[in-house]
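The next block holds one structure in the form of structure tokens; read it before the comments.
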Amino acid sequence: MSTTKVIVGPVHPALHEPERFVFKVDGEVVVDVEPRLGYVHRGIEKALTERSFTQGLYLIERICGICNVAHTLAAVQAIEDAFNVEPPKRAKYLRTIVHELNRIHSHLLLLGVACELIGFDTLFMLIWRDREAVMDIIEMVTGNRVMSAYNIIGGVRRNVSDHEVLEMKKVLEALVEKVKQYKEVFAEDPTIRARFVDVGRLSRAKALALGAVGPTARGSGVKVDVRAEEPYAAFDEVPLNAVVYEEEDSWARLMVRIDETLESARVIEECLDKMPTGPVRVRVPEVAPQSSEGFSVVEAPRGELLHHVYTEKGNDKPLRYRVRTPTYANIPSVCEMLKGGYVADIPAALVSIDPCFSCTDRVALVDVRTSERVSVDLLTLARRYWR
Amino acid sequence: MTLPSLLRRAWSNLFKRPATVQYPFKKLTPPPTYRGRHILFKERCVGCGLCSKVCPAFAITMVSTEGGTLPTIDLGKCIFCYQCEEVCPRGAIKRGIDYELATWRREDLIKK
Amino acid sequence: MVEEHVELVEAFKRGLGGGFLSYEYDAKRRALKLFVERGALTKAFELINEACGGEYHVTTITGADLGGDEVEFTYSLWLLPQKLRVMIKTKAPKSDPRLRSLVSVAPATILYEREVHEMLGVVFEGHPNLERLFLPEDWPKNFYPLRRK
């Protein structure tokens, strides 16, 4: 059963990496799904054992462009855990601020892309234009719009001036107003509701059993949010409320993200007010001071992210580095939520988990009645079946 | 009902300027923290080679010239993280804000 | 350590007997590490299931070859009611790298076991579909990338 390989082409801004699904369909209803991963396997876990900790940090940042702050944050926290080093307080607050800014930009990206996928291009453009303001302040604080290179072992690389603090507050205030309008649109617009409500059903029991994380789990009533349950960085002093919806469908997952955007804006404002003065970085040894392991769990925009590192005393390279990304954990849940739905609902269900890899793969439809195989790519699927 | 609010915004957008900046004719200046093309102060460099050792992308090579041993940065490999700036003991590499780095040939990317 | 953690450790001692080797509590991270024998893994998961009424979340399985003649496994779990992170650690010798699969007890482990299998050469007995996950089909057999030489 070999299907053709994949388009890597970035036809779509939110879909980055290829993946293949083989659907078994009975008419229009999906009966079974089989995923095939690994098209962008880069051997990162192996490469990290051959690079020093600081060099490896920049490779880790490029595991995912949209969640790069979450990856570097988890990495520096894990390495600091293994080295037994504590970063200064101001650094923790700054890390939290950039982490939440990253989350806002990622959620706005997904909301725009979800609208584009169902054909609501106006809302896509409006959301992305407001997202540009967030990209500008990320550029102002960290030096680059996407790859922030802000977290480093022992703290952060740059301090933030008072003028920058004021600028951030201004931008966030304007953004919150717009996002509240978008929340109304998503809640009430009949087209969006027709396309996302009751699509991609994932019951709470299944979400928990299959290991769903992030908004995929929180849209099904499972209350797990690392920032609230296992606080890290400044979240122990600036507590956060986890956003949970009970509707168990794609619409709930999108609404979770909108509410999280508003919650993140609130957390950033509180951090900017409460941030203590002081140094932003401590010096850290080049080589590991002890043979131990460190792990760190953070809430990336897509869910729970775990970094696990084993160090050896006197070695400047890690012995073993393990990264478990959130979309990897959501794959069994995606297969479950696609079963029993229509073929036409596949993209709407897929985009609601915020896949961090491209689903513009060759999707092969196998009609169980005739055993005929038709190979079609996702964009054609979208056009042929809905528009 | 929310549809009117969205329609109102769409209507008012008709009368506003487009949000796109017409790039080659109008160029935006990035903020001073932007990580662009490097500025190398050759007279400060002592040739220690730390920048080359620490570079995560292996983009810096130390080249012997008549002025001493100087770093050469391959902008095609560089990721603009500026670890080289952090580690330089004399402050010979500094951050610049030039972002127009395109060249006709790949060899021209290796900054002498 | 608070009472719930002590209860869990006691339940493990009772339920696993000799299979339970030791425990370590990391107060800074609120994480409990439990070292068990590889044969006692299924029972350990059943005890966890009981202790939190089925409300637990499997984060990942990490397999690590640290240079010795054993491969160390860490099963990271998050228990919802107790809000506790539990890491169950076990070892398997490289000469006989086999473990029982936990897919029937915890369905979330299905993809993680496939990855550990292809990267470290560990066989999970009872896994429904132990195929390659990330490596391409034409990758040479018996060559496991994360094993040290």
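Letters A, B and C mark the chains in the order given here, with residues in each chain numbered from 1 onward.
The rule we apply is simple: contacts are C-beta pairs under 8 Å (C-beta built on N, C-alpha and C of every residue); 3 or more make two chains touch, one makes a residue touch a chain.
No experiment lies behind these values; they were computed from the predicted model shown.
Trainee: Sort the chain contact graph into one of these: line, ring, star, complete or other.
Mentor: If you draw each chain as a dot and join those that touch, you get an open line.
Trainee: Any chance you could check whether A-B or A-C wins on number of contacting C-beta pairs?
Mentor: By the number of C-beta pairs in contact, the winner is A-C.
Trainee: Starting from the mean Cα coordinates of subunit B and subunit C, work out the distance between those two points in Å.
Mentor: A distance of 45 Å separates the two centres.
Trainee: What is the distance, in whole Å, between the centres of subunit A and subunit B, each centre taken as the mean of its C-alpha atoms?
Mentor: Taking the average C-alpha coordinate of subunit A and of subunit B, the gap between them is 26 Å.
Trainee: Subunit A to subunit C: how many Å between their CA centres?
Mentor: 25
Trainee: Within the complex, which stretch of subunit A touches subunit B?
Mentor: Touch residues, subunit A against subunit B: 51, 54-59, 122-123, 126, 129, 132, 139-144, 147, 149, 157-158, 181, 184-185, 187-189.
Trainee: Give every residue of subunit C touching subunit A within the complex, in rising order.
Mentor: Contacts found on subunit C: 28-31, 54-55, 57-60, 62, 64-67, 74, 76, 78, 80, 83, 85, 87, 106-112, 119, 132-136, 145-146.
Trainee: Which positions of subunit A touch subunit C when the two form their complex?
Mentor: Subunit A reaches subunit C through residues 37-38, 41, 43, 45-46, 81, 208-211, 213, 223-224, 229-230, 295, 297, 304, 306, 308, 310, 319-320, 322, 324, 328-329, 331-332.
Trainee: Using the touch definition from the top, list the residues of subunit B that touch subunit A in their complex.
Mentor: Those in contact with subunit A are residues 1-3, 5-6, 9-10, 19, 30-31, 33-35, 54-57, 79-83, 86, 95.
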